[in-house]
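Below is one structure; the comments refer to it alone.
Just so it is clear, A, B, C and D label the chains in written order, and each chain counts residues from 1 on its own.
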Amino acid sequence: MNFASDNAYGAWPEIVAAIAAAASGAVPSYGDDALTQKIRNRLCDLFACDLAVFPVISGTAANALALATLVPPHGAVVCHREAHIAVDECGAPEFFTHGAKLIALEGEGAKLAPDGVERALAHFQKGFVHHVQPMALSITQSTELGTVYTADETKALSALAHAHGMKVHMDGARFANALCRMGCTPAEATWQAGIDVLSFGATKNGALGAEAVIFFHPEDAGDFEYRRKKAGHLISKMRFVSAQLDAYLTGDRWLVRAGRANALARRLADGLGRIAGVEIAYPVEANAVFAWLPDAIAAGLRAKGAVFYDWGPPQGGRTLVRLVASFATPEEDVDRLLAAANG
Amino acid sequence: MNFASDNAYGAWPEIVAAIAAAASGAVPSYGDDALTQKIRNRLCDLFACDLAVFPVISGTAANALALATLVPPHGAVVCHREAHIAVDECGAPEFFTHGAKLIALEGEGAKLAPDGVERALAHFQKGFVHHVQPMALSITQSTELGTVYTADETKALSALAHAHGMKVHMDGARFANALCRMGCTPAEATWQAGIDVLSFGATKNGALGAEAVIFFHPEDAGDFEYRRKKAGHLISKMRFVSAQLDAYLTGDRWLVRAGRANALARRLADGLGRIAGVEIAYPVEANAVFAWLPDAIAAGLRAKGAVFYDWGPPQGGRTLVRLVASFATPEEDVDRLLAAANG
Amino acid sequence: MNFASDNAYGAWPEIVAAIAAAASGAVPSYGDDALTQKIRNRLCDLFACDLAVFPVISGTAANALALATLVPPHGAVVCHREAHIAVDECGAPEFFTHGAKLIALEGEGAKLAPDGVERALAHFQKGFVHHVQPMALSITQSTELGTVYTADETKALSALAHAHGMKVHMDGARFANALCRMGCTPAEATWQAGIDVLSFGATKNGALGAEAVIFFHPEDAGDFEYRRKKAGHLISKMRFVSAQLDAYLTGDRWLVRAGRANALARRLADGLGRIAGVEIAYPVEANAVFAWLPDAIAAGLRAKGAVFYDWGPPQGGRTLVRLVASFATPEEDVDRLLAAANG
Amino acid sequence: MNFASDNAYGAWPEIVAAIAAAASGAVPSYGDDALTQKIRNRLCDLFACDLAVFPVISGTAANALALATLVPPHGAVVCHREAHIAVDECGAPEFFTHGAKLIALEGEGAKLAPDGVERALAHFQKGFVHHVQPMALSITQSTELGTVYTADETKALSALAHAHGMKVHMDGARFANALCRMGCTPAEATWQAGIDVLSFGATKNGALGAEAVIFFHPEDAGDFEYRRKKAGHLISKMRFVSAQLDAYLTGDRWLVRAGRANALARRLADGLGRIAGVEIAYPVEANAVFAWLPDAIAAGLRAKGAVFYDWGPPQGGRTLVRLVASFATPEEDVDRLLAAANG
């Protein structure tokens, strides 16, 4: 019963098969191979636009490289204070941007709200040399608390950011989970809603380690390639990253499996919500459930082998916990967990 | 006939199988899994010593993270001017060290020589605040020109570096190829010869993307883990990197296959060396051949489909080229290339 | 009527005279001169302890160099969200630390409070590689809102920081103004209250550009000298910085003049506070007055030539403004401003 | 008899007087004062062109900020291997550029030669992501070995650099000394010879600490202002830096005094050159003399109180030494040194 994270699970058989298929023969290295070119075409089709795409092997690398391309050392990135880039990357954005600042804001359900952003920006004077200059806004989709921005919410934030001369980044480590919820096209969820650059994640939804940084305006990519190389993220045998993305994007498996994870989370939330003393903390819109569990229940679950994270210290006899479902979480684990919680 | 680089070839079937075997089930992420622990034990056994080991996915990351751990921003790294870290990493060591300097020296066959190092160090005054402070010496084994340091040569350089208070790093992207040539134990080739930290490469010899940074004195590892995370190189599904290394180190396949590559390079050199006008430029001690080819021969080879790099501009009707053999280079490609060159 | 900042005023005649006296003859450069040595002795006497001291020419340099010496790139600095280092240095601490993070907290009157710090630290897990590691706490004395920490308040914060393994930095750009208020010895205000490193400012109180970074535990100074050099802050003709500090510290002029500035601020606050519709926003404990002025009054003051900063946008017909008095602010300017405000 | 460096001497009385004159009253800080504006106008007149100018307080800051504005982290700077930026700034250019590389070349008399530059550039493939990209060429005028580029030599290097898409920087820490030698206008020595940005030094020729970074194409200045602020080099009381530059540039004192230093160096060289066993190592074209002194003579000079630097270790009974004359070196010190050398 592992609900610690979607990255606790392995990889799709189809992705493993794609790696095996790509393993023989000699091809150009560093991304000059046919598979990497194919990925670009696939993503152009998927997003229905021209784009520049750069495969990397970790979400932290994707986010930090994307932001460093948009934001100079004297710049700043507006994000939520729960954002992965702010909390869980040990300062990677600061490293890659050579010291730009994250402006971390509050906001319900780990979502930025336009008025909060507007208020925050009022503190930074444009062109005033003593202040860092906000140059990008970054949102996570789905968020770190399992919620999802609607296309309209995204659009409102993007419009605000663009009005301030900022670019908009989406950390899509769980983009598939968000898209399932949104029920719109990838284009509608991103560039049509004003997103300039997307960290398109595949790892959490079943790749070994494969993410694509996608610039919807290729001219924004600037010196991304040099930054990627300099950071040790230009993989020599790039075919193996591209093979993962190719299998990932074949058909609609990526959405079916993310949808399955979302449904499991939904079922988990429904079941837990019915237990006395349990409170579901945030709308369950993707594949993560945040629940206040009475400490006795939490302890009982762990005693029976459930693995999950506390999301903060205990408060008054209960603790906020996070339970994440993945493409590969066994259905019976959800049932077992609910049974254990019930008693 | 692809002799461009050993990284133009794919991956061992055993490594692909190991990835497949590791693909199911839930395990702790970020390296807290059993496979990653197993790798550490394997390497302790292999090198016959205690050590700290950190898997990463690229050689550039391995080198740059290792050097950044040893060398502060006001420090310097002594290396050969042909060194991969100096020439082919787009300044990754400078990025990871936050601006330390590489002191790039001449030296026969891409090998540093103690007297050259001694002369260079004389220019840097210890504790003199205007000068960067040399803190590490880095050698490549096998070198960028296909030569190999003997254990005694390594020892002499290490002793000199240590006498100056410097640590010693070995870029072992082709460590297997070097070890085959040396005919000694991994321990003799490294820590017993004074190496403090090794970038142990598996990618070029048949992994998808797997290298291990090995500190022979675990206390030297310092804040490596934070640096790795901050650089986006702490892979969430670490099991897949460790699985590669595990398969790589099972039995002596890694040496057998590196030895095969060396033998192919040897055969290539012998064959080319017999052709009028061709000159083998450096001792062929690992899996790379550097040869001066008359321009007509080089053009003829390429017309027949041979792929290889020029190593500098043409000079007086001939060009220095590099031909690299790998674990998977077909033997008949060597024969075909020689036939084409002869004809 | 310039109340924009204390740095709008020039320099003491005694400091100019000291520069003139130091201008002739040849002396060792880069701080190996007798005057620089004398400064060290003066400060040892003043603070009644051994210390390491490094003169620099700007407060931003002093703060950023001090913090970079204490905090690695994966570290973090706890400070108030109004702190100069957080707001007004364009990210200098991030630049000098190579990307460490500032954890900016709320707190009454721009002062950190132990419970707020404790709560913030709870979010950062010690040794957890995904989180930046808080390594220093920085307080400003006097604060950016013109308040002053008592020695006991300082002590409580230091004790908390030390208990978490953090060092404590004091941004003393207005240390003289704070000390006048505290009525204690420099030692009591700093190292005896747990301060590890102090940016001792002289510029705002009458030097041309002279600050001293003081490490109360000389072993903490680490590689400060290399950092200072590498940042272009090791002045060749250091005698001229030291001459300023020497004149500054001769007798008790530095305290008398800071006390005068404080008294003017006090008088300003008393006068303004009596005007209908004006509200003094924070306790006036040093040389700055923060007042809510009805917009008509503010406009009237400016029309009559008063210079001062708004501290945020207008709110409901009034605006928070900052008025700073300096060592050289003419007394009659205070009278004229009050007359104008009444008027 | 101090010939250690021109920065061992103090400051002109006129500069001290200018500081005294600037010391009273309130003016805008951070460079928005009238004196700083006046400097800009003075320099426009002097160089007979439009320009962007930024005063700073050290030559290292001037050079490193200028280069960081021209060169991204994946870029490189071509310079001489004796260049101050390469040898004596503890890696400041690498710090400010966030890790760009210096490509340090040989060249007679510390001067770069076009063919050497051309050869070096051939090693860097344009747009090849594995290689750092040369983006600037930096020359020192006068050089670290006391020689001076002619305007034609400068022009040839600039043309070559521009043809490769690189900008050209001149480290003019001793620009006045060079100009005296060249006998041309400031414009002819700089932008008319292809210089894009100049570190215009005043410190070594008699300021306390004042340099001006001059961009001859103001659009090249880019984000210089943010970089300067972030580095702690935006001085609050900028009037005091500008006052130095204003006095420095009044009339032709700056050239008269640099010319005096050059003449003293000339006299020193002539005198030493006549002594048996002494060899003048490089053409004495500015204010520094490099001479091979028999060790007995060097020891004798030091015994009699002469101060100067060795420029490398002794070789066969003699040592290369550097003797620098300044605006304030007493003439009799030259006579006394020659007398002492003659025995």
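Assume a residue touches a chain if its C-beta (ideal position, glycine included) is under 8 Å from a C-beta of that chain, and two chains touch if they have at least 3 such contacts.
Treat the numbers as computed from the prediction; the structure is a model and nothing was measured.
J.: For the interfaces B-C and B-D, which has the higher count of C-beta pairs in contact?
T.: It is B-D, judged by the count of C-beta pairs in contact.
J.: Of all the other chains, whose mean CA position lies farthest from subunit D?
T.: A
J.: As a quick test, compute the distance in whole Å between the mean CA positions of subunit B and subunit C.
T.: Centre separation, subunit B to subunit C: 50 Å.
J.: Between subunit C and subunit D, what is the gap in Å from one C-alpha centre to the other?
T.: That gives a centre separation of 34 Å.
J.: Taking each chain's centre as the mean position of its Cα atoms, how many Å separate subunit B from subunit D?
T.: 41
J.: Counting only residues that touch at least 2 other chains, which ones in subunit A make the list?
T.: Touching at least two other chains: 73-74, 89-91, 95, 98-99, 129-130, 226, 229-230, 234.
J.: Where on subunit D is subunit C touching in the complex?
T.: 2, 4-5, 7-13, 15-16, 19-20, 22-29, 56-62, 64-65, 89-92, 95-96, 203-204, 208-209, 226, 229-237, 239-240, 307, 328-329
J.: Which residues of subunit D touch subunit B in their complex?
T.: Residue positions touching the partner: 73-74, 76, 87-91, 94-95, 97-102, 122-123, 129-132, 313.
J.: Which residues of subunit D touch subunit A once you look at their complex with the stated criterion?
T.: Listed in rising order, the residues are 30, 72-74, 98-99, 129-130, 133, 223, 225-230, 234.
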